[in-house]
Amino acid sequence: MDMTTADPSDLRVGWIGTGRMGVAMAERLARAGVRLTAWNRTIAKAEPLKDHGADVCGAIADLRDRHVVFTMVSASADLEHVLLGDGGLLADPGHVPGIVVDCSTVSTETSVAMREACEERGVSFLAAPVSGNGKVVRAGQLSLVVSGPRPAYETVAHLLEHIGKSATYVGEGDTARLVKIAHNLMLGVVTQTMAEITVLVEKGGVSRHAFLEFLNNSVMGSAFTRYKSPAFVNLDYSPTFTPLLLRKDFDLGLAAARGLDVPLPVAALTAQLVQASVGTGRVEEDFSILLDLQAAASGLELKPENVAVDDGLGPASVEDPS
Amino acid sequence: MDMTTADPSDLRVGWIGTGRMGVAMAERLARAGVRLTAWNRTIAKAEPLKDHGADVCGAIADLRDRHVVFTMVSASADLEHVLLGDGGLLADPGHVPGIVVDCSTVSTETSVAMREACEERGVSFLAAPVSGNGKVVRAGQLSLVVSGPRPAYETVAHLLEHIGKSATYVGEGDTARLVKIAHNLMLGVVTQTMAEITVLVEKGGVSRHAFLEFLNNSVMGSAFTRYKSPAFVNLDYSPTFTPLLLRKDFDLGLAAARGLDVPLPVAALTAQLVQASVGTGRVEEDFSILLDLQAAASGLELKPENVAVDDGLGPASVEDPS
Amino acid sequence: MDMTTADPSDLRVGWIGTGRMGVAMAERLARAGVRLTAWNRTIAKAEPLKDHGADVCGAIADLRDRHVVFTMVSASADLEHVLLGDGGLLADPGHVPGIVVDCSTVSTETSVAMREACEERGVSFLAAPVSGNGKVVRAGQLSLVVSGPRPAYETVAHLLEHIGKSATYVGEGDTARLVKIAHNLMLGVVTQTMAEITVLVEKGGVSRHAFLEFLNNSVMGSAFTRYKSPAFVNLDYSPTFTPLLLRKDFDLGLAAARGLDVPLPVAALTAQLVQASVGTGRVEEDFSILLDLQAAASGLELKPENVAVDDGLGPASVEDPS
Amino acid sequence: MDMTTADPSDLRVGWIGTGRMGVAMAERLARAGVRLTAWNRTIAKAEPLKDHGADVCGAIADLRDRHVVFTMVSASADLEHVLLGDGGLLADPGHVPGIVVDCSTVSTETSVAMREACEERGVSFLAAPVSGNGKVVRAGQLSLVVSGPRPAYETVAHLLEHIGKSATYVGEGDTARLVKIAHNLMLGVVTQTMAEITVLVEKGGVSRHAFLEFLNNSVMGSAFTRYKSPAFVNLDYSPTFTPLLLRKDFDLGLAAARGLDVPLPVAALTAQLVQASVGTGRVEEDFSILLDLQAAASGLELKPENVAVDDGLGPASVEDPS
């Protein structure tokens, strides 16, 4: 499909994958007035998008004639399936969309393979992983990092801006995957550091909520430190991201670093502490249990502080019409 | 001085210390309409405050009748001198201000000693160290963390809000000092982590400015990561904070942790990497040289990218009348 | 071949691989009076064994009728080739030796595969990697760690004692490979630690040779610290083991630990420091260059001390008839 | 006292401090035929030395006329007391011994102060801390590291050789203290590393006793790894050295490194792990509990293996007449 003649406001867009993250992202596109058709394996999960003006289709093949198709699926194998499997988006080489934008978290290997499959069929492939979770999406704070052919990026840039608060183009190829992994290494290190210093000040007589309120307001405060604060204060370890998932990201990051001959002393040490959290067997909880391990190592018994803590992703933000 | 009858809008305020940080903080108070008189050893540095409606005095003794006196000096010895030295603020026990608010970075020992000296004279002492540098102050983004008697805090809270964007009360005594140290440990770890992952992605083919733009927009982005980005991108290591100063904070933090029986694996490792940066002899540069050490360890030669990078503290913010 | 009836002193032994390590090990067997026939790809390297009473053969197939065949080759692929390649030891299933003892450093995967290939043909396979280098062998200080069928171990135990000073049986299967990897992790950590503390005392005014003499005589002294001492004292980095080889062992060790859910904080950090030594590009030198990196990080310029240092593997030992 | 005319075999020697270590060291001197008089606060602890030909005296002052006096006391304050306190060895400036050899573990500050006090009185002071524990002494395996005036060292060298298996002279002044501290850093790192790799191989199916037997026989084996092995195998954590004592040595070592601008990444990390062991509250046990922490972090429940393990300090050695 020749994209050069497409009028941006006229792009017809497909969406594959309406899980927790995907549906929130697609909803933002639909609410922005984009002509959107969505598909999901369990179609019921896509239905709510109709309230926002989107269509829902019953087969991936229905999306082959779109200018742009987004994919937001769970894992590498899922992406391979929706693109190249029976009835997949690229299964009929003569009948393909113009651009595929993949926002899933997949391995670099899969990213490379899907890029090559797209290129063989004349489809532009953008790797566009995201920083944030479902609540972050709804708060309009999602960030995307994008790599692939620059013209394709420029064509879809306005769409990406509807999805989140920013999209950053970092170059050709699959480098966006590496950037996402690097970002997640920092997420792990920052969480461990929060655990270390929160326990330090608590043993020194400062409540966790007071400390984290200061930290969040300080120059070190980030959206992430804010939305981790409720768990740290009230010891609610309902999972947003498990130790096993974080360990997987460290595996990927350390493997990438090894391949590129880059030592990562602080990240590598943090990886071992994450491994130790896995060693507790509490693999179904949030990786915030790093706080528990730090407290135990410090001879401190933590108790919930039972204080309401703003996660920075509140209702006001949710109602943001974007 | 009995503070309980003071009408907040009527507080007469003194300010001791108008160095780079102090003058910017005092200016914000003056511009907010607070009745302010400032003193500085080199009086010329205080003069510009007159343009914003403040008075300048020639002797610390002139500030003994204030309701509140702020101190913002360079080091522990300076604080001891302006409070207890000849002609110091507390040198005449029968003639003292109601509240002293110290925003300097001083040792916990000095903080405790000054608190005791104040208490003996019936003066309330608040420890109120800050997170940020001069540019952060002018951008209206300074954060303060405060400890000491709660009534004193409540009396001055509205003043603190003029000085920065937030002030967090963390409890009695000198705990604010510990909180500030904990904050600075995080600052060091985050910088080292930024160095690790920035070099990682650069070896993977991503420019530093593109990567940091994404990072700053992501949930991991903070005011700090933003204002460190120009140095990382363009290798401008003009000092805002030197390796020696950062090492001093790690010394304090690790000593506090040792005293409280708290292991800090990631912070302790970072301290060693900061020490290694001192080992290069480049102790007059910014501690961002951690990036150079990481690059050298990775066999990467860094070059300035010569790209304009927003530090998040731009002119618009500077003109913010707060 | 039925081994149960074999008289120990009557075992006919084959040896495959007479490189630097292999020839020294085989020589010790031959000198002990064992009936030995050796094969090597470059036959000239095996010839010196004749001086010690061994035979040399021109084809691996000539060793198929031995009770026991040792293998000591360079890498996993070599082992696969000499066992299963054309004309390999196991290429004729009806005509195989009783026991294969592999002393090479190969991957656990290859070890498992060779074990299975042996078992299919009724051959007992012992994994028997070693701790030491060629000079250690000649000094009679080699240690072997052995895993596999216990009866096979018992049959060859007296042979192993001729080869080195000890052989330790650690269980069934390929666990000896893991033990060897664990041993090499310690080797890396100890070297880094020697580098740290040697530089520490040198900056404190103690010569490296005096310090290491004490250390070697102390309860911390090992054969390893002794034979690394000359390099540390005189900065002779002629390779015995390169940073790349050490990194490979750390890769294997950390992968094994990851697979077994074992955090290795100190080993993982050391791996990053080894990676940093690779980052210098000095990959052809000995991994003792860790000392140089430590010195550079400490602002210390090292100079050779030009002092004769006993490596503990001296001529007296070499002439030890074992 | 003029030492230059003293015939070595004729030296009259005093000994202060016959605690667990001291009595064993003094006994070795006495058994070697040295003319020895011992003093101890609790005189009963010195009495057994009479069986080996030594005398026991009731006052430190009785030792002021000795050529050489050894001190082996518990802590810095004790050393200051026996030398400079009322009735102390140096309390009468006109009546002092020729050489004081201090084998205690004291701070560098105390060492410097005692050296100066000796010099003022014309007494040569040797710092001679030791590596080993009481059992190591009796096994004849103690090592001493010595600093101070070289002529004094040469005068006493033959005595030191009776006490242990070696004495290493490392230079003027108090550098022997730094060397001892450096040695103890290595002791901590090696123990943590043993914990890491022992748990690694145990999760991989190898018993601790088999693994440690190999390790001890390998080039990495030291007297230390040998005498720690029984605790690791049978989980007997009767203290030889507590986590608190080890932490103190890390405090000293890291402070020395900080003062000398030497980063110690691996030692500093180990210090945090030692701190975490203190955090368990098990401060009365041996620091071998690092093994327990490693096992817990690995999700492994340790059980005593109930296997007799040679600690390398056996009865044969004890009976060594030296």
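Note that the chains take the letters A, B, C and D in the order they are written out, and that residue 1 is the start of every chain.
Note that in this section a contact is a pair of C-beta atoms (placed from the backbone, for glycine too) under 8 Å apart; a residue touches a chain by one contact, two chains touch by 3 or more.
The chain lineup, named per UniProt: A, B, C, D = 3-hydroxyisobutyrate dehydrogenase-like beta-hydroxyacid dehydrogenase.
These numbers come from a predicted model, not from an experiment.
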A-C compared against B-C, more contacting pairs: A-C
Chain D against chain C, contact positions shared by both copies (same if over half, else different): same
Mean-CA-position distance for chain C and chain A (Å): 46
Separation of chain C from chain D, taking each centre as the mean of its C-alpha atoms, in whole Å: 34
CA centroid of chain B to CA centroid of chain C, Å: 56
Residues of chain B whose C-beta touches two or more other chains: 257, 261-265, 269, 273, 275-276, 278-279, 297-299
Interface residues, chain B side, partner chain D - complex: 251, 257-258, 261-265, 268-269, 271-273, 275-276, 278-279
In the complex, chain B residues that touch chain A: 131-132, 136, 141, 143, 145, 165-166, 168-173, 175, 178-179, 182-183, 185-187, 189-190, 192-194, 196-201, 203-207, 210-211, 213-215, 217-225, 227, 253, 256-257, 260-267, 269-270, 273, 294, 297-300
Chain C residues touching chain B - in the complex, by the definition given at the top: 265, 269, 275-276, 278-281, 296-299
